[in-house]
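Before any comments, here is the structure.
The letters A, B, C, D and E name the chains in turn, as written, and every chain counts its residues from 1.
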Amino acid sequence: MTLQATLEIAGVSKSFGGVHAVADVSFFMARGEVTALIGPNGAGKTTLINLLTGVLPADRGTIRLDGRDLAGTPAYMRARAGIARTYQTPQMAQGMSVLMNVMAGAYRFGKHGLLGSLLRPWLVMADNEELAERAGTCLARVGVSEEWWGRPAADLPYGHQRRVEIARALAQDPKLLLLDEPAAGLNRSEADELASLLVSIAADGRAVLLVEHDMGMVMSISSHIVVLNFGRKLAEGAPETIKADKDVIAAYLGIVEEVA
Amino acid sequence: MTLHKTSRLRRDWQILALVAALLALVEFCVSSQFHRSVIILSMIHSVAAVGLTLLVGYAGQVSLGHGAFVGIGAYTVAFCLQRLGLPVVFALAAAVVLPGILGFLIARPILRLSGHNLALGTLALGAVFYVVAAQVRDVTGGLDPGIVDLPSMAFAGLAHERVVFWLSIFALCLAAAIAASIVDGRFGRGLMILRSSELVAECIGMNTARAKSMIFAVSASLAGLSGGLLALYLRSFNASAFGVGLSIELLMMVIVGSLSTIWGAMFGSFAIIVLPNLLEGFDQAKQVVYGVAMILIMLFAPNGLGETLFRVFTFRRKSA
Amino acid sequence: MVIRRALLAAGLIATVILPANAEDKEIRIGALMAASGPAAFLGASQKNVFELLVEQINARGGMSGYKVKPFFYDTEGNGTLAAQQFRRLADSDNVSVVIGPSTTGESLAIRSVANEMKVPLISMAGAETVVVPPTPFVFKTPPTDRIVAEHLLDFMKSKGIHSIGLLSSNDGYGQAGASVVKEVASKTGMKIVAAEEFGPRDTDMTPQVLKIRSSGADALLIWSVNPGPTIILKNAAAVGFNKPIYNSYGAASPQLIEQAGAAAENSFVSSMRLLAPESLPADDPMRAVVSKLAEDYKTKYKSDATTFIGHPADALRLVEEAVKKTGSIDRAKLAEAMADGISFPGANGIFKFTADNHNGLDASSQSMVMLKIQNGKFVVVK
Amino acid sequence: MTALMEVDGLRAGYGSVEVLHGVSLSVREGEILALVGANGAGKSTLLNTISGFIRPSDGDILCRGHSILGRAPAVIARAGIRHVPEGRRIFAELAVEENLMLGGYGLDRERVLERMKWVYELFPRLIERRSQAAGTMSGGEQQMLAIGRALIADPKLLMLDEPSMGLAPIVVAEIFKLIVKLRDAHGLGILLVEQNAHAALRIADQACVLSLGCVVKQGTGAALLSDQTFIEAFLGGRSSV
Amino acid sequence: MFLQVVVSGIVVGCVYGMAALGFTIVYNATKIINFANGEFMMLGGVLLAGLVAAAKVPIPVGILAAIAGCALVGWVLQRGVLDGARNSDPLTLVMLTIGSALALRGAAALAFGRDVSFVPEFGVLPLVLLGNVYIPSQGLWIIMVLVVVSAALWYVFSRTMLGKAMRAASQEPRAAALCGIEPRRTAALAMIMAGSIGGLAGAMLAPMSAAFYENGIFLGLKGFAAAVAGGLGNPLGAVVGGLLIGLVESLTSGFVASGFKDAVSFMLLILVLILRPQGLVGKAVVRRV
């Protein structure tokens, strides 16, 4: 644990109407590493992502990004501070091309807001060039070739949408990248490509949080695994430790006391 | 790479130049006052429709009350000219600024609503404006007589209509230019994301609450500009011009045109203003035709009739 | 997209060039009426009578030999639309004169256009602002609200009434009326002790009636078109309102009696003669005109005449007289003739159009009669 | 003996995305078929296709030998195939008893009341809550209600989608006990979709492992459970499955 | 005077309540806000006026015919227009119902003319005078009909399987289908019910204020205000909301300024939408996740 903690969460809890979706969860993530968050359905993984991005406010606990407490920071400010995410089902905006979707991801790097675009439209063009450049780099990196860039993103095949979504998140140049089941619906070779992409993204010096059910991928690329069950942290550690953990096996396969 | 890069804004500027040139040409060619007035009205409504396209089409926020902002713009111009004796330029500026500010202030509470409730809320807002405009007779003159005899715009030997024509061309191009720079810039891309999902927009760093207020204000300003021009053109008008019917008509212009390009709004307003004026005996069946057309468009061309026609047209050409 | 717009523009341009084929001896007359929309109560019957009269005029050979070719557009009570249609009538349909529109707001919206395009306009609006001060090309045939208000208030004063509760609709008709009544009242020394409004689609005006009752007014004056007055009469009867009730000409229609029934009994309506031709004295100068109009209307449309159909009838008569006078259908000449002492007994009174009075009516024109509802009938009272 | 329900070479998906690439399986009377697999393997898609929400692009679904392809969901439900959807989907604003009554919508009222008694016997906890708004109950009770609602119509085949999701282990145990009881005492055919593979396999007669829209392993529950490579696969990655 | 103002507010409120019931039913069964609902009332009045005045049909028969006509229109609207757009976004649905409203209004104008037409009062019931407070005969009719209709609706939605099925289908359409309920059928049924109630209400209203083809917008807006104030989806709330709006308007015109009463009720609508979307009388649905 020589690496600096990019994200520290301590004692974070969230409940909905008496049900503890996330209860007292603490762990930290280092830059340059893939951390995996696993657990059965309904264990609170997506809720945790929502808490980290600020979409939901936490009931208790602290979340720190590079040592800065994020309490009370709205989602858009956290995004500007360097947290990017993807979604369980890809969220491609209707009526926008692939390139535009990714350019939209670079929102925080645009120099001109509403007033700017009204007053000096020529600067918008320069701005656009720059953002398109950035978006193009990200798309190339996730392996979406140029012939796709002009197409409506929502019409793309599923696997491509997943990649575009990662490109959009990369365009935010995040310190922390949260991926919500990025391999769902991908075939083997696509999943393998994704795995190596994630490793290379982490190698940039970003912290990557991977929520995934594909254990093959999880075990092969993450340096650290956090297991949630019923909103609580069940176990934490290196892949080998987790694989051998009795509690984890029980929770994942579901051990039920004598039946029938 | 350049193909899908930044050509959008440049292309929009080119279209704009073409439109401006075409309208100027029309100004010189059309001699009939009637046809001239049809085109003027189309252009004036286009200004508001372009603004509404930004709000409904790009940001995904329905407004069934934009007629109110047109009305506020019109009364502002009348007030500035008749009561304050301000020059036309200032009156028009006020007609842009005041609805903009009002729009910004109203947007916060009203845009907390969404979907059906937003439609209901804005509809009620438009209705409130109508009632107030009809009742505050000290300012508006009520329903009868309303605002009477604003000064003629005749200027340097040009007749009233021709001056308004040029003014409308200018206003429409201005509106289109503003809209193009918004939608083709990062703010516009943010809005399109917002339309699909507010969550995603927040998570790419957009302050969605503020963005919605801003775009509401912009569309209110453009509606106000449209109202100001309308007032200058008509010279006499009353509150009945700004009822719920106008709001629905504006929305129809957007839908008939396109929800996803600002140029559709122009097509829509020309279609809605020109058609009833060209077809004989259309009056009787107008409402039925409008209603049925609206249903058919929403069922079969929900992206806008203009856009669907355009797609079919280009598709045919490509496959031919 | 651009191509389509170009086509559209080309289409527009093409229609400009289309020749306006004028036959010999034909006068083109435009009509703008609010046949639908909030003012449809005016325009719908006006449209009917316009068609009826044009038919009759052509049947007897036209206006001084000119066959009438009518052009009708529905303004929907919308001034913007009316102005459009006016331009269309003037430019594309090439009419000599335009009759309408039905409401004051629309007429005001058109007034400057008519003068600029130099096309005579004979409005059917109530408010005097349309023709005061007179402009060269704009005329009107209904008595002004002022004439009606003066007639009403004079009559009320003669009956010993000094304070009035005014109840007006908040639409254009009511708003314009209310302000004139207030003005006339202050001139004649009557007091308006309560002034209330109601919406044209309201169903119960009891609160307003009660407010007026508690104000202690000597009489209730209603300024609205139906169905408002009907509902108010019923409300008033039900709460036992025992002061006299007066209505403006907007309520003057047989439906008032039909609908309000006993509640209408003994109330007054200031009206043009059209409503009760049979109760007019035989020597009344307008009796012949209004009897024929009312009868013809009833025969053709199977419903009773409203007071509003007098406006287009008188307007057509004005055109006819002007054509007779000049022998031409030239717009400017017609307008000139109209302002030059044309005089005739019409449905709305004895007209005398002059350069100063483009309405042709004043307090001495005998436009109005006071009707009282007795035993379910309108009776002229003095 | 013919199968209660047979799925043959089913291909289906959403829009242009095909999720099921030719799935075949069958459920017999008095038998629990457990369908396990990772998220996104297509389990819910399969159930939604069987109950008529998704039109398959290829393949056939037979109910006691008759094809039910292309029927509306309501018709399939009345034919005796009852689907308890993921997330329970009870009518939150209606009372518990009203929920149960609606399970027997369109059936003879007497029969429904009779069956309701039976359901209350199965789930005594629902009796106490009969007039309470269903949305106010705990997750476990809601799951019981969802199953009870399906049972009212006296179905031949019950399809349960993730009945253990989000429930505490003790409640899960209770529900699984009940599933076994429904098979043993009442002879229902049950298609059980579960993440909780261990629990599902322990009570299943037959089991299928679905991966990426294909059936990759089939056998008795016990056999799969004792298959060490299966457990390894489940935790250790898909490539080896 | 205060009491009389209250009574007149109640009568008007009952009219608004009727307008609100139609929304409520359709919303209950489909979660669609039907902007054409006011047109049902307009049609009811215009149909009755047309039949009574032109065809000399006796009033009771006319009322039945108006109800049947509006029910048919409702069915056509659901089957022909809304069914085709079940999964559309709110904008599409809003525009579809507005388009339908326009078409209905235009059709009514074409078929029955653009004149204001009158229907005689139903009579039979007396005019009630309590001290110096009176209730008009037609007002009594309206109050009675509203009581009967809302009681019937309450019964249907809380006591019959059909009503429960309709509510179920709107809450969880898929789960309802899994229970053997056909959401399409319940939606069509709801629209038929809304049409019938609208037709009935329009017919009841016709003698009080004339039947006119443009009445629908006004009644529709007031109906929204009432339905929202009472909490959308709750028939009882719709009636209470109607009474509330009627009272507020009546008090405004009795004691403040009559010209602004419409603005007051629409402001109320906006405020309720923003501050208490569950309605003034409704309570937020508590749900455990």
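As a working rule, contacts are C-beta pairs under 8 Å (C-beta built on N, C-alpha and C of every residue); 3 or more make two chains touch, one makes a residue touch a chain.
The model shown is predicted, which means the values in this text are computed figures rather than measured ones.
Between chain C and chain D, the least number of touching-chain steps is 2. Looking at B-C alongside D-E, one finds more C-beta pairs in contact between the chains of B-C. Farthest chain from chain E, judged by C-alpha centroids: A. Chain centres here are Cα means. That of chain D falls 42 Å from that of chain E.
Chain centres here are Cα averages; for chain A and chain B they lie 40 Å apart. One simple way to say how far apart two chains are is to compare their mean CA positions; for chain B and chain E this gives 32 Å. Averaging C-alpha coordinates per chain places the centre of chain C 36 Å away from that of chain E.
Touching two or more other chains at once are residues 19 of chain A. For chain C, residues that reach two or more other chains under the stated contact definition are 35-36, 38, 170.
Each of the following residues of chain E touches two or more other chains: 109, 259, 262, 286-288. Listing the residues of chain E that touch chain B in their complex gives 32-33, 35, 81, 84-85, 88-96, 98-107, 109-110, 217, 221, 224-225, 228, 259-260, 262-263, 266-267, 269-270, 273-274, 277.
Considering their complex, residues 56, 60, 62, 64, 109-110, 112-121, 123-125, 127-128, 131-132, 134-135, 244, 248, 251, 255, 284-295, 298-299, 302 of chain B touch chain E.
Residues of chain B touching chain A in their complex: 1, 3-6, 8-10, 177-178, 180-182, 184-190, 192-193, 195-197, 199-200, 202-208, 211, 214-215, 218, 260. Chain D makes touch with chain E in their complex at residues 51-53, 72-74, 77-78, 82-85, 89-94, 98-99, 101-103, 105-107, 133, 135-139, 142, 149-150, 153. The touching residues of chain D, counted against chain A in their complex, run 16-17, 19, 38-40, 139, 162, 164-166, 168-169, 172-173, 176-177, 180, 194-200, 202-203, 212, 231, 234-240.
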